[in-house]
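Mind looking over this structure? Questions follow.
Read from first to last, the chains carry the letters A, B, C, D and E; within each, the first residue is number 1.
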């Protein structure tokens, strides 16, 4: 799964009915320190994430394997909020 | 999902029967301001999008999870029209 | 889906039995003018495409959603022959 | 599948219930010598891998085809620990 | 599907039980002349391929659609050995 930073949100009034009521967050893939390295994408939040959180993002068909996205036309979902990342015995990221 | 700009359309007389009657739009992935960053691709429109719209694009098997693409050999579908994108408390895009 | 140019063909005597009798074409992803931008790949033709055609290419599990590829270990299939592409009211490609 | 190096681990208290009890490792895709070439990602460990191991990483829907990830919203899983890699009759990597 | 060159092999004693007895080959994506352009990856061989062969590689869920990979956590499989590639009426590759 990608490590990603929640940078904002998206609003879309006209959308597939299976997306109604879903929270659309803007995320960017990051490295292990939380520094963005990828383009802005839209992910469905399923864990109460918010701007500034470093999150775990699942893509593809597996993005439909949550209670909130089952059967929906989505390919990117937030499945966890990262507390910390550790590389070589040192924290590269800790949630504040 | 990708943020993408609808830049045009495609016509294909010879195509898989499950694509007949589908609207084929040209889209390019954009950043959070709507500036194109990716190559031109063909997506099936399911929400009445048109040229100039910033849209939500779903890829892969999830692209078949709409009423118009169920069972069709498609891997890219437009599932929403973006009204606005917000990053750090500021709008980076607003539909006009 | 990708816009792609058919540039040639591949021959493989030893192959999965579900590929027997399938036409293997070489394709390269292009931009909206038909100029190649991606590497050469092998796609299964299902619509009678030939060298020089600009085509619609579907990838992933959706590549199995045609009558000729159902149940086969393929991830790239040609599902349409492009007649024209239009961007901003102008043709960027027309089939000759 | 990717060749990847386990570089560390991730902790996430808030996560999808199907991820509870799963070991989240940080991995980076490598070349055939074990040198990292890709960004840090999070993979579910299913084979007892640890930091410093070169591993086999499976992505996409196939990441759900293990006993520990069946039905879970995951798209990256470690399915093997590499003992050695051989190119042109020479070892490019041997586990120590 | 990718055109890929078999460059070597991998050994992994500890691995998912559904990978036992499978041949793990190192492959690199190539262009239409057989020149490597992509990183080294691990693919399951299902057609008796060997080092030096140019092969057809299928990725994603379709990699499970062979008799040897059904139900296994794999995302890359060799489904054919290429005899020749032809571009613009000329061979760009012929197996020797």
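We adopt the following convention: contacts are C-beta pairs under 8 Å (C-beta built on N, C-alpha and C of every residue); 3 or more make two chains touch, one makes a residue touch a chain.
Predicted model, so just to flag it, every value in this text is computed and none were measured.
Colleague: Just how many steps, at minimum, does a route from subunit C to subunit D need if it may pass only between touching chains?
Modeller: 2
Colleague: Which neighbours does subunit D have in common with subunit E?
Modeller: none
Colleague: How many Å are there between the centre of subunit B and the centre of subunit C, using C-alpha atoms for each centre?
Modeller: 20
Colleague: Between subunit A and subunit E, what distance separates the C-alpha centroids? Give it in angstrom.
Modeller: Taking the mean C-alpha position of each chain, the two centres sit 32 Å apart.
Colleague: Going through subunit D residue by residue, note those that touch at least 2 other chains and give them in order.
Modeller: Subunit D, residues with two or more chain partners: 60-61, 63-64.
Colleague: Order of chains around the ring, counting from subunit B in the direction of subunit C?
Modeller: B, C, E, D, A
Colleague: Okay, in this complex, where on subunit C does subunit B touch?
Modeller: Its residues touching subunit B are 1-3, 29, 31-32, 37, 46-48, 56, 58-66, 77, 79-88, 92.
Colleague: If you look only at subunit A, which of its residues touch subunit B in the complex?
Modeller: My answer: residues 7-16, 18-19, 24, 26, 39-43, 51, 60-61, 63-64, 71-76.
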